[in-house]
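Sharing a structure, written as C-alpha cells. Questions coming.
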Amino acid sequence: MNVLLFGPELYFLGAALIFFSLTLKRKVQVKADYRIALALAAGGVAVSVLCLFQQGELFFKAYKVDLFSQIFKFALALGFFLVITISHNLAQIEERYHAEFYLFLTTTTIGMMMLVSAVELLTIYVALELSSYSLYILVPLRRGDGIDVEAGIKYLFIGAVSSGFMLFGLSYIFGATHSTYLTEIMPKMAQLVQSPIGVLGLLFSLAGFFFKLSVFPFHFWAPDVYQGAANQVTTFIATASKAAAVAVLLRLVALGSSYGYNFTQVLVMLSIISMTLGNLVAIVQKDFKRMLAYSSIAHAGVFLMGVLTIKEAGYIGAVYYALAYLVMNFTVFMVLSEVAKDGRDLKIVELAGLWKRSPILGLSLILGIFALAGVPPSIGFTGKLLIFTSAMNQGYFWLVLIGAVNGTISLYYYLRVVYAAFFMDPGDLPPVTVSFPTRLLNYALVAIIIGFGVFPDQIVRLAQAAVKTVL
Amino acid sequence: MGSCDPVLLGCLLTVFLPLSAFALIMIFTWRYHKLSMAISLVASTIPLLIAWYFFFTLDVKQPIIYNFNWLVSDQVKVPFGFLLDPTSVLMFVIVATISWLVQIYSIGYMGGDPGFGRYYADLSLFALAMLGLVISSGLLQLYIFWELVGLASYLLIGFWYEKFSASEAGKKAFVVTRFGDIGFFMGLVFLTLYFGSLDIATVNSAALTAKMPPWLITTSALLIFCGIMGKSAQFPIHVWLPDAMEGPTPVSALLHSATMVAAGVFLLTRLFPLFAASATAMSVVLVISTITLLLSSTIGMVATDIKQVWAYSTVSQLGFMAMGLSAAGLAAGTLFPGYYHLTTHAAFKALLFLCSGVFIHHFGTNDFFVMATQGGRKLLIPMATITIAALALAGIFPFAGFFSKEAILGALAHLPNKMWLVLGLFGAFLTAYYAFRVIFVMLFPKEKYDKYHLETDPHAHAPAHSHGHGPGPGFTHDDAHIHPDAKPGHEHDESGHGAGHGHDEPHGVPWVMSFPLLVLAGFTLILGFCQGSLEKYLLGESAPHHIEYGLLVSAVSCAFGGIALAWFDWGRRGAKCVGFISYVPVLENFFIQKWYMDHFWRWFLNTFIYGIFSRAFTYNDRRVVDGGVDAVAFSTVGSGRLLSFIQTAFLQYNLLFMVLVLAGVGIYLLMGR
Amino acid sequence: MNFLSGLFTPQGVASAAFVLVMAITILGALIAVAARNIFHNVLGLALSLMGVAGLFLYLNSPFVALMEILIYVGAICIAICFAIMLSEPLYLPKPPRNRLKMLGAVAGAGLTFVFLCLLIRKTQWTPAVERSTDWSITTLGHYLLTNYALIFEVISLLLLVAMLGSIVIARGGRGSS
Amino acid sequence: MTEHPTSFPYLTCMLLSPVVGLTILLFLKEEWDFLIKAVSLVSAGLSLALAIFTFVAYDKTLGGLQFVEKYEWVKTFGITYFVGVEGLNAPLLLLTGIVIFTGVLTMWELKNRVKEYFIFMLALVTGVFGVFMTYDMFFFFLFYEIAVVPMYILILIWGSTRKEYAAMKLTLYLMAGSGLIIPGILLLYSTSGLFTFNMVLLHGVKFSPWIQKVAFVMMFFGFGVLAAVWPFHTWSPVGHVAAPTAVSMLHAGVLMKLGSFAILRVAMYLCPEGFVYWKQLMAFLATAGIVYGVFVGLAQTDLKYVIGYSSVSHMGIVCLGLATGTVDGLNGSLFQMFAHGIMTALFFSAVGYIYDRTHTRDIHELGGLSKIMPVASAFFITAALCGAGVPGMASFWAELLVFIAAVKVYPVQGLLAIAALVVGALFALRVVQTSFFNEPNPKFMHFEDVSPFLGLPRMILIGTLIFFGFFPQVMVSLIKTAVVPFIQGM
Amino acid sequence: MLLFNQLETYLYLAIVLFAIGLYGVLARRSLIALLISVELILNAASINFMAFNRFLAPHPAVGQIITLFIMAVAAAEAAIALSIIVALYRKLKTINIEQATELRG
C-alpha cells in the first residue's frame, strides 16, 4: 500500500499524537506549543500538496483517494494552517487548554479529511461525527460568562437531532439499496425513481451535511456558535468545515441525479430560503461574527445552488467556490482576530477607522468583504458567477434571479463593514499592530483573492478534473 | 470649386475671422482691452470689405453655391456651405455694415468698461453667427447659426451681468427665442422627413413643394414661423425684445434693431417660396404680424424710456415687414417690399439707437423726458441725425422709410380684403406719432413734465421690473431671494457701467460715436432712391412700378397726421404734454402694462412651469420615485428585523422549526405520489 | 379457542413475548420523555433500551442485543446518572410546563410520525437477490477488522476525543484543582 | 464582424496602465503626495495617449473590430479575454481617457487620504476601460462591477452632503441593477447552446423571441439603472451631489455611459427582437426622463443637483437615440454619450473648483461669481450653454441627430423631447444667472480665480467639446463604421 | 404472517420511538432529558438498521456493525454532551435549556 495515499490523514494523526503528548506536559508553554503547531500545520499543507495527485482506493473500497478528495484535503490542511496562523493570540482560550485546542482542531481536521474521502455511508457518518464532536468540544473551550457553553450545547443538540435525522435517512437508504457503498448505491438509487424512499431517504441523509453547511432549516446553530465560540474556532468552523461539507454534499447529491426535479426542487427551495433569510437577517446584526454567520447561511444557499445542478459545471463552480470561500472568509476572520487581539466578540462598529489603525488589514478586509459580496475582481465574484452560470444552464432562471438579487441585499451589510472600516472615526480605539508574518499572510491572501479571481482557469481545470470522479 | 476660388475664400474668411477673433479674445486676450478691440475690428472690417465687394462685383443672378460635408450621418446630412444669391448678399452687406459701424461706435460708448475685451469677443461671436446665418446654404446650417445668434444675443444682453435686470433679460431673450426656435427645429425635422435634405435651394424649388402634401407644407411653414416669431419678436412672444434693451445701447442697435431681429424676417424672405406655397401659413403670418404692429405701436406711444420706444418701434416695424411679405405671398407678389423695408429699417433704426445711445451715454439716463429737460437738443449731431431717422421711421419723403413703407402698403393694397391696408395705415399713423413724440419732447423741452410719466409708474419706467420686482401675479421662488437687497431703480442705472465716464467728461460726442451716426444718416437718405436698383438686384428685373396716388396720399397723410398729433400733444408751445391716449385711461393703462403680455407670460411660467410641472415632478421625484426606492430599502431591512425573530434564544423553538420544515417537506413530497 | 391455542404454540409465545418487548420499549420511551423526575427518565430510558435489546434478539442478533445492554444500559445510563448528580439538585421546585411548547412538540413529533408512517406505507421493500445466512459473530468480527477496519480505528479516535473533551470541559484539564 | 488582430497589445496596455499605477501606489507612502499624484497622472496620461492613438489609428475604411486581442481564459466556461475597438467604443475609450486625465488634474489639490483616493479612482477607471473594450460578457460584467463598487468608498470618504446615504443608495441601486443583469446575461449564455460568453459569437445565435424579450428587458433595466433611465434615476442626483469632484466627473461623465453603452452593446446587440418588442417602452421612458429631468432640475437650488437632473435629461436623450434603432439615432446617441460625458465632466469640475473655495453649492448663496472668478465661471457657463444645446458644442450635433431620428420613429415622443429643450434652456440659464450673474456675494470676494494649472484640465474639456462641435464628422464618421453594420445585424 | 417476522413492525416501532424521542427533544426542559431523548432517536435508527439487516440486506453482518458503531458514537456523544451540561451548570447554575438564552437575533 502506498503510504502517500493515506498521507495527509496519517500526517495529521501523527500531529494529533504530538499534540496529545503536549497536553500531557505538566508545564504550559504557549509559545512553544504555538511554534510546534505552526510547523506541523505547515507540514500538513506540504503533505497534502505532495499527495494532491494520488489516486486509489483503500480499506476495501470504503475510502477513495482521488483528485476530488485530495483537493479538499489540501483545502482542509490549508484551512487548518491558516487557523493556526491566527492562533498566536488565542486570548480567549485559557493557556492551559492550548494544546487541547490544537489537538481537537487536528482531530476535527482528520474527521473532515476522512469525510471527503469516504465513499461508504458508515464511514461518512463516523467521520462526520468525529469532526463534529471535536468542534462541540472546541466551542465551549472559550473563557467566558456562559455564552460559550450555551453556544456549545445548542450546537451539540442541533447537531445531534440533525444527525438523528440523517441516520434515519441513511437507514432507509440502506434498506432500500441494501448497501452502504456509494458505488453500489448509485445504480440502485436510479431504480428507486418511482418510490418515495429514494428521494426522502437521500434528503434526510443530507440533513447532517446541511447542518454542517448551515443550510436552512439547519442553520440555527450558526449565529450562536459563531458568536459564542472563540474567534479561531469560529474561523475554522466558517472555513475548513464548510469546504468539507460541500465536498460530501457533492458526493451525496450526485446519488440523486436520476430523480430530477422531484429531488432538486427541495434543494432549490432550501437554497432560496437560505440565501434570502441569511442575507436579510444579516442586515440587522451588530456583532461582526454573528453577521458573518448569517452571511455563511446565505453562502450555504449559493453552494447549494451549485450542488443542486448535479452537473459538471455546477460541481466545478461549487468546488471553486468552496476553495474561494475558504480563502475569502478566512481573510475576513483573520482581520477580525487581529483586530480583536484579546479575542473578544467584535462589534461591527469596533472596526471603525481600521484603515488608519492598520492599512494593511483594511485592505485585506475590504477585499475579503467584497469577495464575499461577490464583487470583482475576486475569487468570490468568479466563483459565484460560475455557480450562477451552471444553475442557469440547468434552467433555474428564478433561482439565479433570486440569487442575484440576494447579492444586492448582501452588499448592504457588507458595505456597512466597509463603512465602519473606512469611514468611521476610530475615536480612541487603539491602532492595530501587525506582525511581519501576518503582514506577509495578508499580502498572500490579497494576491490569491485577486489573482485567482482574474485568472481562474487553473483552478477551474483542476476542479473539472476533480469532479469527473464524483459524478 | 478650387480651394483658391476668391469667392469661396471670401465666404470662409467671413465666417472664420470673427470666429477666430472670438476664440482669441476669449481664451487669451480678454484682459487686454485695446488688443481685443483691435482683433475684433480687424475681424469685422475684412468681412465688411468682402460684403461690399460681393455686392458690387459679384454676379449672383445664378446663385453661387458651395457645399461641404459638415456632418454626414445616415439620412441626416448637414452640409456646410454658402449660398450667395441676391437675397443673401444684400443681407450680408447690411449685417456686415451695421456690425462694423456698431463696433466702431462701441469704441467710444463702451470705452473704460471693465468687460471691454469680453464685449468685443461677444460682438465677434455675434458677427460670426449673423454672417454665417445669412450666407448659409442649408437650413440646418442656418438653424445652427440662428442658435448662435441667440447665444450671442444672450451674452450681449446680459453683458452687465451683475445687474439683475440685465441677466434676467438675457435669460428671457434666450429662453423666449428658444421657445420659437423649437418650433423652427420641429419644422426643419418635418421638412427633413420629406425632403431628406434641407438645402435651401431644394426646399424652395417649386417643383418639389408642389408635390408635397399641403398639410405638411402648412405645418412646417407654421413651425418655422414660430422661429421667426421668436427671433423677430412677433406677438405673442415679442416680450423679450423690449427687455433686451438692458444690454448696452450699441448692442440694442446692432441686435435688436438691425440684424438679429431682422434674421427672422430674413428667414421669411429666404423661404418665401415655401411660405408662399401655403396660403394658410401666410394668412397666419399676416394676422400675427398685424397684431404685432398694432400692439407694439400702441405700447410705443406710452413708453418713457427712449430705448423702449425704439424697441417697440422695432417690433412694430418687424410686424410691418412680415405683413408686407405675407401680403405679397398671398397676393402673388414679390418679396421685395418686405425685404426693402428690412434694408431701410436696418439703417434708420440703427441710427435711432445709436443716437439714443449718445444721449444715454451723455446724460446717464434712459428717460427721454429727463434728457430733454437736461438739454438734450444741445448735442447737435445726434439731435439732427435722430430727427432724420425719426422722419424716415415715420415715412416722410424723401427718407428711406417713405419708399419702403410705400412698397409694403402697396403690397397690402393688393389684398382683396382692404382691412389689412387700413390697419397698416393705422400702424403708420401710430408710428409717426410715437416717433415724433420723442423728437418733439427732445426738441422742445418743457420746464416740467407730468410726474406721472417720470416716477409714478415703475412699469413704464423699467420694463424688466415688471417681472423682477413688479406686483406681478407671483414671484418665482428663485426671484424672491436672488436679490434681497436690490433696490428698484438701482439696476436700471445703466450709467453706472456703460457710461461710467459720461458724467466725468461732459465733452462733446467723440468722433468714433458720431462717425457711424453720419454714415447711417447718409444711408437713410440714400436708400430711398435706390429702390429701383435694389429691386433689380433682388428680383432680377424691376417690376413695372405703378405709383398709386391714392395710396400715396393716404400714407403720407397718415404720417403727417401722426406727426401733427404729436406736435399737438407734445411739441407746440403750451402743449399739455399728455398723450391723447390718456383721455382713455383704461386704454392707456392697458398700453402701459404692455397689453399685459409680460404678466401673462410670467403668470404662465409661474403657474405652469414652476408651479405645476416643476413642483409636481419634484414632489413626485422626492416622494413617489425616490420614496418608493427608499421604501423598498427600508422594507428589506424591516423584513430582516422581522425574520431575525425566527432565531429565538430558545433552542427548542429552533429545533421545532427545523422539524416542522423537514416533516413539511417530506409530506409535500409524498403528496405528489 | 383458536386464539388461545395459537397463543401457546412456540410462535404464539414468541409473538406474545414480542408484544411485551414492544410494549416495554414504548412504555420505557414514554417514561423517558414524559416523567417529570429526571431519574425516572433515566430508568425509562434503560427500560426502553432493554426493550430494544429484546427486539434485537428477535432480529437474530443476540450479540448486538448484549452490546446494547452493556453499552447503553450499562454505560450511558450510568453516566447520565452521574451527570444528574453533578448538576441540578432534584429537590428544586419544577416550573409549570409550557403548554405552547408542548403543543409545538406534539405537532412536530406528530407530523414527523405521520410523514414517516406514510413513507413506510408507500414503500415497497424488496429483499436483496442473494442473501447470505452467515450470522456468526466470527464473521462480524472478521468484517470489523477488514471492511470496517478504518471505522474501527476512527471510532477509537472518536472515543478518545470524547474522553479528552469531557475531561477538558467538565473538569478543567491540566493544572486545575 | 471582421476582426483584425493587433501586433501590439494596445488595449491591454490601456487597461493595465491604471492597474500598474494603482499597484505602484499601494507601495508608496501616504506622505509622498506629489509622487502619488504624479504616478496617477502618468498612468492616466498613458491610457489617454493610447485611447487617442486607437481613436486616430482606427482604420475607418477597414471597419470591423480592430486592435483585437483574444485569449482563451476559462475554456470550460467559454470565457475569452477578447478586447477590440470599433466605432462604438472608440469614442467612449477616448472619453474615458480624457475624463480620467482631467480628473486626476482636477484633484491635484486633494489633501485628504490622497493615496487611497487615487487607488480607488484608478481601480474604477480600469473597470470603465474594461467595459468599453471587452467583447466577452463575463469580462464585461466583471469590469462593470469593478467600475461601480469603488464609487462607494470614493463617495463615502471624500464626498459631502449626506454622503453615507448617497453612497449606500448609489451602490445598492446599481448592484440591484446587476442583480437583473446577471440572470439576463446568463440566460443568453445558457440558451445559446454555444456555452460561450463571446458576444460576437453569441450575436450569431438566433435566440427564441421569448428569451430575447426576457433577457432584453432584464438587461435594459439592469443597465438602465446605471444609465439613469427614468424612473430609476434617483440615485444619480443624490450620488453626484455627494461625490467628490473628480468622482462626479467620472461618474456622470463616464460611468453613466457604461449603462447606456451596455444597453447597446449587450442588450440590443444580442436581443434584436427583444429590442423591437420593448422599444416603445424604451422610447417612453427616455422621453419621460428628458422631460422630467428638466422640470425637476428647474426646482433645484444645489448646483450639483441641477447638474444631476440635467444628466437625467441628457441620458434620456441617449436612451431615446438608442430606442430609435436607426443609424442616425444610434450615431446621435453615441455621440451624445461622448459629448455629455465631456460636458458633465466640465460641469462638475467647474462646480468642484467653486465648491472647494466657497463650500456652498446653493445657487442663491452664490451669485455674481463671474465677477470674482471669471474663468471658473466661464467654465461653468460654457458647460451650461452646452447643456442647453447651443451649437458649436459637441452635444448640439448629438441632440440634433437623436431628435431627427426620434421624430421619424416616434413622432410624439420626439416632439416632446424637442419641446423639453426650452425648459432645458430655462433651467440652465436660471442657474447661470442666479449663481454667476448679479451682484457678487461679498463673502466670497477674496477668492482667487482658477490658476492656469488647474485651468488646464477644464480647458482640455472645453477644447474637446468645441473641437467636436466644429468637426462632428470626425466623430460621426467613426461611429458610423460600426453603427451601420450594427443596424444591419439587427 | 407473524408480527415479529414482519419488517414493517420494526419500522413502525422505530418511527414511534423516533417520534417519542423527538417529542422529548422538543418538549423537555432539562438538558439531560434532552440527551435521553436523543438516545431514543439514535436507537430508533438502530432498530431500522437491524430490521433491514434482518429482512433485506445481502449480508447480515453489516447492519449489526452499523448498530454497534451507532452505540459507540452515542456513547461518545453522551460523554461530550454530559460534560458540556456539567460545564453549563457550573457557569449558569442551571441545566434548564430555557434559561440559556443569551444568544438570539
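Things worth noting here:
The chains carry the letters A, B, C, D and E, assigned in the order they are written, with residues numbered from 1 in each.
Just so we're on the same page, contacts are C-beta pairs under 8 Å (C-beta built on N, C-alpha and C of every residue); 3 or more make two chains touch, one makes a residue touch a chain.
Note that the structure is predicted; figures quoted are calculated from it, not measured.
The minimum number of touch steps linking chain D to chain E comes to 2. Connectivity without chain C: the remaining chains stay one piece (groups of touching chains, all others kept in their positions).
For this structure, the chains sharing the highest number of C-beta contacts are C-E.
Of all chains, the one whose mean C-alpha position sits at the greatest distance from that of chain B is C. Distance from per-chain Cα centroids to the pooled protein Cα centroid is smallest for D.
Averaged C-alpha coordinates put the centre of chain B at 95 Å from the centre of chain E.
Centre-to-centre spacing of chain C and chain E amounts to 6 Å, using the average Cα coordinate of each chain. For the pair chain A and chain E, the distance between C-alpha centroids works out to 27 Å. Mean C-alpha positions place chain A and chain B at a centre distance of 76 Å.
Touching two or more other chains at once are residues 172 of chain D. Each of the following residues of chain C touches two or more other chains: 101, 104-105, 108-109, 112, 116, 119, 122, 125, 127-128, 148, 151, 155, 158, 161-162, 165, 169.
Residue positions of chain E touching 2 or more other chains, listed in rising order: 18, 21-22, 25-27, 51, 56-58, 62, 65, 69, 73, 76-77, 80, 84-85, 87, 97-98, 100-103, 105. You'll find the chains touch as A-B, A-C, A-D, A-E, B-C, B-D, B-E, C-E.
Across the interface of their complex, chain C is touched by residues 652-653, 655-656, 659-660, 662-664, 666-667, 670, 673 of chain B.
Considering their complex, residues 2-4, 7-13, 15-30, 32-33, 35-37, 39-40, 43, 46-47, 50-51, 53-62, 64-65, 67-69, 71-80, 82-87, 89, 94-96, 98 of chain E touch chain C. Every residue of chain C that touches chain E in the complex is listed here, in rising order: 11, 14-15, 18-19, 22, 25-26, 29-30, 32-33, 38, 41-42, 44-45, 48-49, 52, 55-56, 58-61, 63-64, 67-68, 71-72, 75-76, 79-80, 82-84, 86-88, 95, 98, 101-102, 104-106, 108-110, 112-113, 116-117, 120, 125-135, 139-140, 142-144, 148, 151, 155, 158-159, 161-163, 165-167, 169-170.
Remark: chain A residues 313, 316, 355, 363, 366, 370, 375-377, 381-382, 385-386, 388-389, 392-393, 395, 397, 400-401, 404-408, 411-412, 415, 418-419, 422-423, 455-457, 460-461, 464 touch chain D in the complex. Residues of chain B touching chain A in their complex: 633, 636-637, 639-641, 643-644, 646-647, 651, 654-655, 657-659, 661-662, 665-666, 669-670, 672-673.
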